[in-house]
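Starting off with a structure, shown below.
So that you can tell them apart, the chains are marked A, B, C, D and E in the order they are listed, and the count of residues begins at 1 in each.
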């Protein structure tokens, strides 16, 4: 068992945390301003907000939760199942859109 | 003893299943719509799965008969055979492709109704069915679930297209050999439009419209059932479907009062 | 790892006193037995409810106390009890608790206190479930699928106010209990295996339970979320799932909800739930077949891979329960293809069972009979599933008795057979006494033949077009009179099979009380639980030294070995 | 043999060729990608009335090309070292022809007035075929690199008897993996074709 | 000896007879629990997306609903922005507490844990304020003056469930902090319970990132 991978023995310089912390602030502020100034086109705004959220989540998981320093066996075991959630989201959203379309199409008033 | 008995029971099971299937006593009711393709798919699936059923159960029966514990018998040791495993997987995959492949094409047909079809609206509510036909203009008037507060079928009575629509609560009359699109609505909970002889089935969902289509190919009277649990009297939510010649159908439709005549503004 | 170190070397302090030993015990074996007994008791309630339903169907109008309302309530409670509170609880809570620590060679679960809590919370959920019989309106009658709007709209179905709320509450509590249990099982399997016990040397029972626990951890959340939203719809009048509706002439102030959304959430849980039930049963049956046929399991790797594959694919097929639900019709293509792909790993398992038996030396003891019964019912149940997964063939069969027959055989009878087989198999280890073989065999024959007689005709009824969840079929002309005769027949068999389960209960109680003393390893099995120093194993299982594993668990009938089995703890080749 | 592997006394892991596992992982990711796109396609079709898309018969011909390409590579990976280079080259050439055929199919679609943004069916058709083509292009890169090994080894063997590749030789593994990737792409293509055919 | 490839490492870990995740049981369990919890929140968000897309009423603009008046200017989403910053800050202090835990620095660990608790309490307090304000403005789970009823329902459901997690986290951290300050972990010689609590707390923050993006901003 490699020693450097046994958790509880990592030593992270505090500087790393401060940088990540700062990045989180900046990204949150950026998302906020995207919304505040209502940046157009809308798809770009939505894409950026989603992308920033994902980056923030990755930062938190990687550095604050130390996922980056864990052995890949854990990392993959935690990250891969999340794909199944993406599948769920695709289909619930597809269903929502479909129902909205049906209502628009048949009842004429959304 | 147990082994022989189990083998006999399994063989009897296979024989019973085959006889029961062949006898046709418990088979689909006579088809009365264009969905012969669905029947064919059921037959294909039945053949594929039937072969698997018979073969696997007979093998099991043979095993329990042949390899039941006896004095001096010792089990053979083998734990793997990659070639055999791969071949079995290939055979299974082939069976599945044979079964599903054509089914997907039929399904594609099922969800793409023809253009020239007669559109009839079916409204489900606890616990009865109502039907709406387009009148002389061939179009159904606008509906909205919010309008159930105003009239029982939720039609927009200010819509000019709706004036000549015909609403009936009695049996559903259908013309022979003409594609029908059923637009399903529900007033309260989930229902399901189900006529066993037509094969087609679809849930009615409140707040939206679902569709299915078929072409009646036999005259006669059929039961219309509800196939989605919809509360206490679910089992009594029934109506009749009367398939008749196009002329008779027209005559019947002309005789019905229109929305303009029945619902006051 | 100071935790782990202390756990492996120290012996457990045997708790003294009745309460801490048998009631609030943290011993995984006691908890397992508590789970099993509770689940069986509530299972008998479910069985009784099915009798009532069958009585109504077989002899409509003869029993005045069964009206359409409480027929639906019986039906709903029966489904819920059987799927969740019996099968899930007994397979994960009962077998999972008993087998995991013993089979992987550890002294207890990773978190014994959490384990105990899990049982008591489960008990609370059972009490909440049964309490629904005593609230105004009775339990909900919306079917175990709880589809809105009918499940939550007042007056739309029986028990739509207090019944449904209590049920959701009970489910939420169950989810909490299941999460505690599941965390324990997964952590234990991953972190606490004894020396030499690699993952690929675990018995398939542990594999089945392990993967099923992961499924439970990932699937129950969707049920929880669907339940919370349903509860809000019921309690606070929100409109997640309720569109504009008009119930019995009354316009309700709901707007814009989508009933199909609930179905997606429910089946995102519901389909993996099927595998939560069947995977442990598959694992148990694999072990039983191998042990009693004195032969190594065929294709162990393929078995493990197919368990994992079934679990993974099981998460992306859920909407095959919704082919005619009015969802986006194009979803059908995706879900049909994904569904039949699952047939391949399932088929692999069946082939491997048969190949395990091939050229074996089958000792047809009661557990083995049930395992063979499992294989047979799984074949028929699985194959009929292909009709329902093949999207267009599902259209005429959906919501008919074909579906009823299919899922009863594949996840009802099959899973129960796995449970019966497992209970008989491990009974000598758990109580140290033998059950009566004769009674056990009688129990098997009645149950096996009876199950086929009950559920096989249902496929025919389904082809005829008989819709399920009908209180009565009177007045439907298109159904031939044969339906009535069939229903009478099914009802009579069902009563007999139900009564036969009393044999089983009697056998267990009598066996535990008066049975012949069991040897430590009556089946001459290789797996670790049979190698414990004492039978039944005490708290801590292993005495001073943890076992060390040297081989896979299926070394039966090795050609030049002195015995026809070599325990996993044996180090030399011969 | 199985008894041996299972009864080893130590708990070490079995040897698994890393390249093989890497390919499997890559295929898993690629499958996810295509699956997501196809599901998005099906989702999207649900809320649109316009599904029309001309279906050039050329596509069937292309499919045939890809089938033969796949078969040739498979033969090459199983056949003798002497015949492998020829089969290998034929397989690659067929794949290139398939790609050219796809371009013709595109132009046929464009001539019929169906462009990337015409309707959901057409945009997804372009997207899916383009993505599939890219994967095939990537495959062709691997094919080129393997080709040089095959030719070299084939040249070395051509004077001697008809020998097969040694079962564990690195060339053999490369050939097998490449051929397997081709089968995967063939399967993906068939699924795309069938789904598009059925839904439009 | 070069570092083994990722793939090789995974295979080694999963094929060995050692604990698969090379960490304590408690930490492994927390990770598995968080995965399960991620499925709860993921399902909540997926369900919210499905409900929102199908809703018939107009979807209210979140920046208007959650605007605050400062003087006479209306600042959209101000409170939410502050809440986000508070929660991120608490994550930062938590990370520091964990680091000092590694160094077995009792006072600093306890101090930063307490700070995290305080920030968490602030967050919950602001959430309570937000709820009160909205309820005063006529927002109910079943209706709201701004449009689609699903808006209020989703709001109370998502933030309520997240708020419950934060509250539970506050209590959990408080216990850990007290234990740390009283030197329990010093006596154990092991501060990993702080790390495990940290995992939970960071996860709660991580979920808020998505709620912030998908509910308030989109």
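A few remarks follow.
Here is the rule we use: contacts are C-beta pairs under 8 Å (C-beta built on N, C-alpha and C of every residue); 3 or more make two chains touch, one makes a residue touch a chain.
Predicted, not measured: the structure shown is a model, and the values here were computed from it.
Shared contacts of chain A and chain E, meaning chains that touch the two of them, come down to C, D. Path length between chain D and chain E in the chain contact graph, taken as the least number of steps between touching chains: 1. Excluding chain C while holding all other chains in their positions yields a single touching group, one piece. Interface comparison, B-D versus C-D: the pair with the greater number of contacting C-beta pairs is C-D. The central chain of the assembly on a C-alpha centroid basis is C.
Using the mean of the Cα atoms as each chain's centre, the chain most removed from chain B is E. Annotation: 30 Å between the Cα-based centres of chain B and chain C.
Separation between the centroids of chain C and chain E, computed from CA atoms only, is 34 Å. Averaging C-alpha coordinates per chain places the centre of chain A 43 Å away from that of chain B. Taking each chain's centre as the mean of its C-alpha atoms, chain A lies 32 Å from chain D. Shown for chain A are the residues in touch with two or more other chains, namely 81, 87-88, 91-100, 102-103, 105, 109. Those residues of chain E in touch with two or more other chains are numbered 14-17, 20-21, 23-24, 28, 35, 39, 42-43, 47, 50-51, 54-56, 190. Among the residues of chain D, those in touch with two or more other chains are 2-3, 6, 11, 13, 39, 42-43, 46-47, 198-199. Pairwise, the chains that touch each other are A-B, A-C, A-D, A-E, B-C, B-D, C-D, C-E, D-E. Looking at the complex, you find that chain E touches chain A at residues 6, 9-10, 13-14, 18, 20-24, 27-28, 31, 34-35, 38-39, 42-43, 45-47, 49-56, 63, 76-77, 81, 84-85, 88-89, 91-92, 94-96, 99, 102-103, 190-192, 195, 198-199, 202-203, 205-206, 209-210, 212-214, 216-218.
On chain A, the positions that touch chain D within their shared complex are 83, 86-87, 90-91, 93-94, 97-98, 100-102, 105. Chain contact summary for the complex, chain B toward chain C: residues 2-3, 5-6, 9-10, 13, 16-17, 20, 25-29, 37-38, 41-42, 45-46, 48-49, 52-53, 56-57, 59-60, 63-64, 67-70, 73-81, 84-85, 88-89, 92-93, 96, 99-100, 103-104, 106-107, 110-111, 125-126, 145-146, 148-149, 154, 184, 187-190, 192, 194, 196-197, 199-208, 210, 222-223, 225-235, 238. Considering their complex, residues 11-14, 16, 18, 21-22, 25 of chain D touch chain E.
The residues of chain C lying in touch with chain E in their complex are 1-4, 110-111, 179, 182-184, 186-187, 190-201, 217-222, 224-226, 228-229, 232, 236-240, 243-244, 253-258, 261, 264-265, 268, 549.
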